[in-house]
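Dropping the structures in below, format is structure tokens.
Common to both upcoming complexes is chain A, partnered first by chain B, then by chain C.
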Partner chain A sequence: MTATRTRRLAPLGRPELYTSYRQDMALLNTRSKMLGALGVLVVAALMPLMVSDNLLLILASGLVLAIGAIGLNLVTGYAGQVSLGHAFFVGVGAYTAAAMAGDPDGRYLGLGIDFMPLWLLGAGLVAALCGAVVAPLATRLRGLYLAIVTLGLVFIGQYFFFEWDELTGGSQVGRDAAKPVLLGIEFTADYGFKGGWTEEQKLYWLFLAVLVIAALVARNIARSRVGRAFSAIRDRDVAAGVMGVNLTRYKIIAFTISSFYAGIAGALMFSASGHFTPESFNLLLSVQFIAIVLIGGVATISGTIMGAMLIALLPRIASELPAFVPFLSTSASEHPNIFDFEQIMYGVLIVAFLLFEPRGLFGIWHRVRTYWKSYPFSY
Partner chain B sequence: MTQLLGAVAGGIGVGSIYALLALGFVIIYKSMGVISFAQPAFLLAGTVLVTYLSPEIGFFPALVVGSVAIAGVALVVERVAIRPMVGKAVFVIAIITIGIDIIVRIVSGMFVGSDQRTVRDPWGLDAWEVGGVYVEQRDLAAFAVTTVLVLALFAFFRWTPIGLAMRASALDQEAAMAQGVNVGTVFAVSWALAGALATVAGVFAAAGRTVDQNHWHIALLALPVIILGGLDSLGGAVLGGLVIGITQQVVTTYHRDWFPGLDTNIGSITPYLVMLVVLLVRPYGLFGTREVERV
Partner chain C sequence: MTRSLVTRIRDRAATTPHGVAMREKRLGVWHEITWATYWDTVVDVGHALLSLGVQPGDRVAVQSENRPEWLFMDIAAVAIRATTVGLYPTNPTAETSYLLSHSGACVHLAEDQEQVDKVLEAGDLPELRTIVHVETRGLRTYDDPRLMSWEALLERGREHRAAHPGAVEALVDAAEPDDVITLVYTSGTTGPPKGAMLTVRNAEFVLETVLERSPFARPAPGPRDMTLSYLPLCHVAERVLTTWYNAGAGTQVNFAESIETVPQNLREVQPTLFFAVPRIWEKLLATARIKLDSATWAKRRWAAFWLRRADGLGEKLAANGGRHTAATRLVYAVGWLLFYRALRDRLGLRRVRHASSGAAPIAPEVLQFFMGIGVPMHELYGMTENAAVATANRPGRVRLGTVGEAHDGIEVRIDEETGEILTRHPAVFAGYWQDPEATARTLSEDGWLHTGDVGEWVDGTHLRITDRMKDIIITAGGKNVAPSEIENALKASPYIKEAVVIGDGRKYLTALIGIELDTVGAWAQQRRIAFTTYRDLSEKEEVRDLVQQVVDDVNSRHNPVEQIKSFRMLPKELDHEDGELTATQKVKRSAIDAMFHDLVESMYRGQEAGAR
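What follows is the complex of A and B.
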């Protein structure tokens, strides 16, 4: 075997020339992708210095939603297993983190582990364990049966969250979320008034860092052997089985990884508000994640992040609307109000994207890119 | 013993409502191969509409007008959002119905308002005492109406041309089309039927209580019913509805004795737990056809 050195990038002037399969499959396989990713990352990292804290908080919540939605996209988008039970795993993660970081002498279950990476990983692992327990049931079912069972999981999970009040604080009461503290930095403490970083800025950077890691890992899973097995199962599970893909094993892997992401997202989701109740983990949360995946683009990581940002910004967009649409009310007791509008938009966006752009925001971006890439030719 | 019989009587009432809802799910599934997650929205929309109509024209006329109106809404929804998707992956259509569900549900939820709304049914909480067992009239009414509707449906599928066309296209869509069946009409009729059934179910579920924005939750409890009965079995839907209804009501009644440690009544999630057990044993439900995979 001759040792041919494959260059990591295509030669200058011939950006489309790939000389090896490895090059073609690389994470950033074109120069413009490399520069683009770098640019987006820089802009995202500098965002806290540019925008107001209110908007920053919304963007930060979008980053956390993106982490959870990437998980759902792995199981639903890449592996084709429709799960309506994502909210349950998010809940498991949130309570694990809260219990691990919680005060041992407090009213509710707490282990007093302050080290953030530990409870973050713990939340992911416990959620992943729940995913692995549910998965064998899920692997026996296909398509719509699976969707219904995972929907049942949300209700069963909520029952246990209501019932186990040493852990959860019980219905309508709730408990404090885990406080992110790392290397002496309290992310939820506000030092804006004495010239330091504000709470929103620090949380945003923390979430951004976690999201970048999560997205990179997910992208690498998707382009590896496991990811290809997922796609094979999604496209035709019988054919995948014939080709030697172990269906049960890879479905369990898909659910486990997806639940891990959900757990991480759950652990961080309530850091900003500091308190949460079992009511949060309802069917609407699951539908929200489904909406993110569909709006962003099925089986794309970058699309999922775009979708999460759009969904996170929806309440803000809705609150700006009464200025333009006079019949919308800002009061919750009058109808139609902005909260109704916000929820209806989930439905409208899901239906509109599925009817007109099934590939989601990523598909729109893809079309724009192709247009300019091949300009002035139409293809 | 009287407690058990009372629970069973209540369960028959709840079960009838589940059966109606499950029939709606099954009819759509048989015609399109899709579970419509929009049923909860039609249930809420129909019930809210009847609460507005009932004081004006009386309970029974309101029930009929409401059902027909929601059947019309379902027709429009099917034509606008579902028909363009025919031929796409089942999962995609199911998700679209979730989107429709959100839109219709929130819009009809706006009309619930802050006043207490009731459907003004003639029964309320009145009960007859039969040998020491209290049987609520609304449960009997629900059962009677369900029986009539189920018989009418079976007659419809057996003797009317469109009913036969629906059965034919459920059996083999392409063969039915080759015989001149208009499959589009079949889709439309199945959605209209499901919308009307959801309305009737919602109104009887609201008998004797007030309607709130969470009234649609009961429609999701019919999902375990169709799992139990099998997605494509009309008889299974009726039987499954009664089984789930009675089980739930019995568990609710005996919750204190059986699970003294649990504060919240476990009856609320019993249908889902039954569903899990059934699916572990039989992945295609009790009466569902096992999917035969052609490679």
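What follows is the complex of A and C.
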């Protein structure tokens, strides 16, 4: 009876006047959000032209961490299934990529697939497969029990990575990581087909592109039917089940998607150093991802990216500290030194955020935004 | 062919078929209705009414909250030269029954189960043949043969339209200026409601006056303007603002979800033209004050600074007829950037370019506050019997405390003997429905309408209203006192919702005072005063003291005869259903007197005992 026209945006200057459901649910539902997102993207894209290669490398590693952490946030933050086994899936991704891209005639397993998107996708899919296999555990267990069981996954994984020499090169030895090459551009070389750009700049742009895609996909999952099912399970799985959410199905979906992200992150994680050993995929890596999710903010994508950047920059921040804090030493043999500080900071940050800002960096941002959104009132 | 509301809508549907005519919020989304859809639906409903046997001159009643179907039914009825009768959704069963039988409506639109129940319980209504309901929830098991759903009505209309194409259009073109388009029942603080007949000519004169001849806002209202429709549509002010302006100027109507959600809907819609009754303005002011007071320390200090500036601005603007001087413009520009813009945005008044108050007297302090924060306020005067146009404060020539100047083409004079305000113009109604006696009392033979209000001229141009003629209090000492001025001064306090001044034939004035639950509740919470109900809170010693302060403050601004010597707290919130308020939330003095007789007497007894 009533004709409805759909419009992308609310009538000018009336951001809360939603005239269609689509507009209400849009990722960037206001002009200011749209401009803000565009601004952040432009700054991020121009970063390689503004900062030194050293710092750029750190930022690039942050971008990869963010991809993995988004995956963990989907399963832990959105769907509420605590997983300490993220490092295992990252490892699966890293080895799958290395094996697919590796030299067929080399010492270790290699299929010689040079085409980057293919091994990237392969790494994600194999990790996702592992995730799907493990997922039924989550349908039987929850909370602390699930955390302990997924913790076991890390140790099983470590055993395989240490012992399967043909694939991993074995403990302390390791093997070369997959080399990102696309359309003749070697991302890990200092020369390109048009020259000029350094390895760090190119890697940064590559990671940024992958992260943007990964983040967009994650945001879209979160605001879809699947995302709503995740939230329902997180808030109360029994209630979700009563509402008609298929618990088994959505828990499997959560683990599978999360593992896919971990696989992608694993495939790219060692591109810069070019070499990695099985020791990398230990419990500490899992904890690092958990830290990112908690510090960044549970169940937010933008927060996860902020958290990943902070964790990646932590060593750099620690190394800058002795200039301000005289008793911190830069030498590893003296105590207290910056490496101690860095380790402690993980713990301190997690404890502090859980106590004072449970919603993480995103929570801080949210608070700032609310302050101005409600100005001159307080609510 | 006579130009009417209907032809105006038809023309808009032809020239701007895809323009937005109205928006309705359903499940969080504002669904837009275009002019083409509006007109098409009107024609369908018009055909449906024809198929139901509605003849020109018949009455079609509507009892519903504001929603598109109200307008569809209203305009469709007018299109086939029938008469629309609006009922308040808050009308209790007895009043509903009276209005339906008095108007003799043959088709009735009852919004939902609640309204349908009222009609079914109303008893014998021989002329009522069809009851249309919009919301079917709860009505599935009803088997009254008169019931029909809105969808069924539309379906019927489409069938009739296919069988008799052009039947509605023919009636539209046959309309005469003297056709009665609506009966507006006046709220009736005394006696049963009377149905004022408004004609095509009345409506056209209103639209030509306030939109074309002397537009009330510059630039003149147009299709880019947004309004929020939230006051009952059966009241003449909201009908003019929603249905008539929409047809006449093409303003976009946005239907609020309910009266409770007005603040929220205001923020979403950010209307450009906003009319409110004093009650709403007082409430908005109280909300702003409370929210600013409960903000964080820094925000509070900041707000206090800018509100002091706003006080100054308001004073200057009021003294200058609402026009800025260079100095105030500068202060306001800085304040707009840093504070007023945000404040107005939160209140939903950021884009308001013409704000107005009417239908009841308002305290000048309230108007001045809004002027200070940059909302261009204008007090208007009109009544049902003159289609809500008589006088208005014009932009740039505002005088606080007056209701402004007469519009072009409108004669206003004050009766020398009684001081009663009289108006004469083509929008004066055609008479009361089936009540020639009351018509003769109100409408003199030479066309002057007796408004029942007492007023005086200020500077020969602006009209000031003293009070309703019958409300004027004559004390035992023989002094004439206008209670509404004192009541409004009391109600300007955010803590006071109702104030009823008493003293007719008494030695001195007293008052019954009802607190505003939200604000006093928040105030009590801040002071850790525990309370349970409205009554419990009202009877707290601290609350009495709070009200006493307000009363003392008001008393200090009045001469001794007009001072409140004693007051009592109302033990309950006044309500339409309990018969204490009219449908338009005006206090029924007679009912209050009867209901709280003991309270009133105690105020006079107590004093005498004390004197003895």
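Assume the second predicted complex is superposed on the first by the 372 of 379 C-alpha atoms of A that agree within 3 Å, B and C clash if a C-alpha of one lies under 4 Å from a C-alpha of the other, contacts with A are read in each partner's own complex, and residues count from 1 in each chain.
Keep in mind that, in the parts below, a contact is a pair of C-beta atoms (placed from the backbone, for glycine too) under 8 Å apart; a residue touches a chain by one contact, two chains touch by 3 or more.
Owing to the predicted nature of the structure, the values given are computational and were not obtained by experimental measurement.
Novice: Quick check on the chain A-based superposition: chain B and chain C, clash or fit?
Specialist: Taken together on chain A, chain C would fit alongside chain B, as the superposition shows.
Novice: Looking at the overlay, what does A:Phe324 touch: chain B (first), chain C (second), both, or neither?
Specialist: A:Phe324 contacts neither chain B nor chain C.
Novice: Which partner does A:Ser378 contact after superposing on A: first (chain B), second (chain C), both, neither?
Specialist: Second partner only.
Novice: Can you report the vertex angle at chain A, computed from the C-alpha centres of the three chains with chain B and chain C as the arms, to the nearest 10 degrees?
Specialist: Value: 110 degrees, nearest 10.
Novice: With both structures superposed, pick whichever of chain B and chain C touches the larger number of chain A residues.
Specialist: B
Novice: Scan A:His335 for contacts with chain B and chain C and give back first, second, both or neither.
Specialist: First partner only, chain B.
Novice: Contact-wise, after the overlay, does A:Asp24 reach chain B, chain C, both or neither (first, second, both, neither)?
Specialist: Second partner only, chain C.
Novice: Touch check for A:Arg14: first (chain B), second (chain C), both, or neither?
Specialist: second
Novice: Upon superposition of the two complexes, what minimum C-alpha distance (Å) separates chain B from chain C?
Specialist: 25
Novice: Could you please specify the touching residues of chain A with respect to chain C in the complex?
Specialist: 1-5, 13-14, 16-21, 24, 374-379
Novice: Contact residues on chain C for chain A in the complex?
Specialist: My answer: residues 18, 23-24, 28-34, 36-37, 41, 68, 151, 154, 267-270, 291-292, 294-296, 299, 302-303, 339, 342-343, 346, 350-351.
Novice: Considering the complex alone, what residue numbers of chain A touch chain B?
Specialist: Residue positions touching the partner: 80, 82, 137, 140-145, 147-149, 151-153, 155-156, 159, 162-163, 171, 238-239, 242, 283, 287, 290-291, 294, 333, 335-336, 340, 343-344, 346-351, 354-355, 358.
Novice: What part of chain B is in contact with chain A in the complex they form?
Specialist: 34-35, 81, 84-85, 90-92, 94-96, 98-103, 106-107, 109-111, 113-114, 220, 223-224, 226-227, 231, 262-264, 266, 268-269, 272-273, 275-276, 279-280, 283-284, 291, 293, 295
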